[in-house]
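Consider the two complexes below, in which subunit A is the common component and subunit B and subunit C are the respective partners.
Let's look at the complex of A and B:
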């Protein structure tokens, strides 16, 4: 993806390679370093509660990036996200319970399960669009959840499958701090893979298909192939996120994968900002932290004890309300807000960009 | 030997007869203008050639190969690039990205290598970026390179669409009213580019056009459609003075 020239004085691109460089300016380099130091230092200073929150954000980021590639970039609406997370979690859980398979087998296995399901989820996309596609993926969500539930009852794990901490190179991944780093690395890999796809021909093919299928076909882009590819890659990523979730929680139960989970992921990409990878990350942070924020606010209110019973209801309502606010007032999501704030500082003391300049 | 050979093309949508036995062939390097009043079926001919419509009867051969039944992307891959009447650009993508997307079929990278951005992918991206830059230079779009196409003036968008078709490195160009919506300056630029494509690249073109001045100045041969039928064919002088063509455009005196 060719990026616009960053607004930095004295910065020039000297080669085509500069156009797809990940970090361009010295300022961006410094900021990245500061952020990396913050991420590494965070679990050593924060309380276990906040470390757990951050770990949840990393997990959500992987799923949100996967859904962003599929829906925000390639334009294929899917409501099967919770089903795919469940498929990954159950693949890992079942393989572990039945064959005691180690971590390095269960994780690739759940990626394969996800990829295969991706083809199944994706096939309707060759014929259906928009709402109809959404409904067909929703049907598959229920099939996956049903199969998971059947396994639980048949094998007598009706309360869920217990998964022991994974052992890697004879080292047990157990402490929250280790999990924080493992999932941070996983989210980092997911982000890098997404960026790489976006700056090469698959990403362009997806954006082209999103923009106009007929035109993309007429220009030589094999629509069926790239739609299925989007489903396969997105589903494999999601499924791995599901498996990591199973290990992190140490427990897999089908109740965790309700339709509400799908809605949360869809909310992440809408609130974050459609069609933008940074949006997926911002959305993951927002949606993961939001319920805790509401809970915190409510406990700070006078008469908090009497409100305790309605925390869940208020949470749902506030969540829906925030989503509507974003759709109406900021369709570009948190990314749009981020851009405005950034431009304010970049242009200061001026208010508007120069007309006709390269944006 | 004809480069593209269309014969007996029939296209029906239910009871609506859009094309009724259209036949023509385009010679190598020829600038072939397809003209006719609104609704004559010009764009339908183009859509049949590029595989978007499937004709009810007739044959379309390109380079000795039958195109009927091929998917649009295979037809593009065979070397037939096209533009669209209304631009139809990928609006959120920059000019460079639009052109790189138009060049999609010339890439040989696979998604696994792309996910890791292996050196092969990096090299391919750089080589194609350079090729795209040459086309940007050719159509003089340098100042719009990184601008999202959706925000550009319509004339520039049309020109970018022309560039996107060239980016495929085609053997044959299908141009659907490239001058529609362009102002006089832009039309003159377009005429210049058409001649350069013809003389420098030697590309044969089917060119749908309403501007008769441009057509008579530039086209080698004209083919006139009216209500899906061929009413005249030949050199600009003869065709534009043909009574059937005049009456199709202007009507007849009762």
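Let's look at the complex of A and C:
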């Protein structure tokens, strides 16, 4: 994702400094500002339900960004995402329960756990490709989940581990509004890290590996190193997301980290649009809000009381159906739709962009 | 003795399911992660036909099996056909999404409660005492018989059957096969149909033996390591792999920790992927093709 030139806007990069700017045009600056103001103002006007939804979106987008870096950018298929989230959540939970470790120890600790697990998950990628890699990460997911379940039963927390709200500088993070800002900041940091990774050496190396491994190696890219790096960074981010999830929910149970969660994260990057960070965010929004959307639609239907029992099943089926629709009809995901719409307006009154132009 | 019988029954279950993974992978290089759900759907079809054909239980079983054959073919014709030429990831994820869709629909139609098709058909499940004081239920024994018949039938079909030879040709080189006049779509649809059919037989027999609910998909997923350990494109491999996985699982339950039962197949899978990723009987070059 080299930054597309803001085509047709009359904006040109005239110095090297321009190349490194995150936000290029005055209009983009204004839009970013408006968005930031909206995000800050949101929890003060919206009801607690919507604040909770937004917080869930932030949490999901951290995991989705991490998976996007690994699968969408570096091209390493992973079906072990729930296992990594579980690892982070359990690291935080276990450290808290066993040693009463504070927030600023458990979070880095879960990042370290994630990084180590990333190496474990990533080692097969040095030998395996595509399908076989996906299968090996899937197998590791079951191992991690087993270990978590084993801890729960051995220590007698068979229903789950309770985690108290974290205390930072003597200040307890408890109210939904505070959580909203904490997780918004976390998601923002994750996004910044991802963007900067993408424009640095490692991001370019990952994209080269994704396109063609042989060519990438011939170009002098250290395959083993960058593959493992992708796994380590992605897993560390995912684990931190898992730990934050544990604190936010105040409760860790292995049941929450089923294979279905992995599929949801994979669906985020598919529905959002492969290989694009914006796609990860859009996908996170879509997949997080989707069940509530279905629930809302179903309660609007006549005979809502009779349907109430089957909301869960409808949700499941609809989710599978939407995922299939995107895979078959819109492999570019939401980003693809967004690009088409944007190009339509950018090019208007013309229909086709010039050959050879960038996106 | 009981120990050996347990291994044999579990191996038969895994082998019967694993041949579905192998059939589809061998012919079309797609890993069907919805196999567990398709197999469960077969079992639920039996629940549906059991209430419709209350008079003749055997007809119900036959009808459900034929229906699952059709379902498998339709999955290919309406869904997977569109995924030809897409990346491996896209095809695999489509099957994952299909699995979720099927699971949701099943709960929607039949609720999440446990079903007992055997009681609905009015059959009972006597215990057979084997020499050596080992016990086996009738349907577990039938599972072993079914596995033998299915594998024997598949072997003959792929070796001598007209369509079987076409299937092998399509798996070996789709381009040449197509130029030779083989209808690839028909062959792929047949592979999906057969795979769902064998899966449904496994699902029905398991459901007849011990009831039916959505945990059956886990059995389907655990049979996947069996297919991969043996080699994803080898039927003989699937048999051996099923024996290995079943042996490991039953052994661990007996001697170490029953809680490990759900992970053992995957641990064996990881070990296999590290040592010999293409499986015991698989083709080595397969690995670079994916």
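The rule is short, and it goes like this: the second predicted complex is superposed on the first by the 347 of 359 C-alpha atoms of A that agree within 3 Å, B and C clash if a C-alpha of one lies under 4 Å from a C-alpha of the other, contacts with A are read in each partner's own complex, and residues count from 1 in each chain.
The criterion applied here is as follows: a contact is a pair of C-beta atoms (placed from the backbone, for glycine too) under 8 Å apart; a residue touches a chain by one contact, two chains touch by 3 or more.
The model shown is predicted, which means the values in this text are computed figures rather than measured ones.
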Sticking to the clash and touch definitions up top, decide whether subunit B and subunit C on subunit A clash or fit.
fit
Which of the two partners, first being subunit B and second being subunit C, lies in contact with A:299: first, second, both, or neither?
neither
After superposition on the shared chain, which partner residues are touched by A:99: those of subunit B (first), subunit C (second), both, or neither?
neither
Once the structures are superposed on A, label A:219 by its partner contacts, choosing first (subunit B), second (subunit C), both or neither.
first
So, A:32: does it touch subunit B (first), subunit C (second), both, or neither?
neither
Report for A:207: first if it touches subunit B alone, second if subunit C alone, otherwise both or neither.
first
Per the contact definition in the header, classify A:270: touching subunit B only (first), subunit C only (second), both, or neither.
second
With the two complexes superposed on chain A, say which partner A:77 touches: subunit B (first), subunit C (second), both, or neither.
second
Closest Cα approach between subunit B and subunit C after superposing, in Å?
13
Footprint intersection on subunit A (subunit B / subunit C) at none
As the complex stands, subunit C meets subunit A at residues 31, 79, 82-83, 86, 88-90, 92-94, 96-105, 107-108, 112, 221, 224-225, 228, 259-260, 262-263, 266-267, 269-270, 273-274, 277, 287-288, 290
Going by the contact rule at the top, pick out the subunit A residues touching subunit B in the complex.
1-5, 16-17, 19-20, 193, 196-197, 199-205, 207-208, 211-212, 214-223, 229, 233, 275, 358-359
Write out the stretch or stretches of subunit B touching subunit A in their complex.
50-52, 71-73, 75-77, 81-82, 84, 88, 90-94, 96-97, 100-102, 104-105, 107, 109, 111, 114-117, 121-122, 125-126, 129-130, 133, 143, 145-148, 151, 164-165, 168
Please output the residues of subunit A touching subunit C within their complex, sorted ascending.
71, 77, 124, 127-132, 134-136, 138-140, 142-143, 146, 149-150, 153, 259-260, 263, 266-267, 270, 310, 312-321, 323-324, 327-328, 331
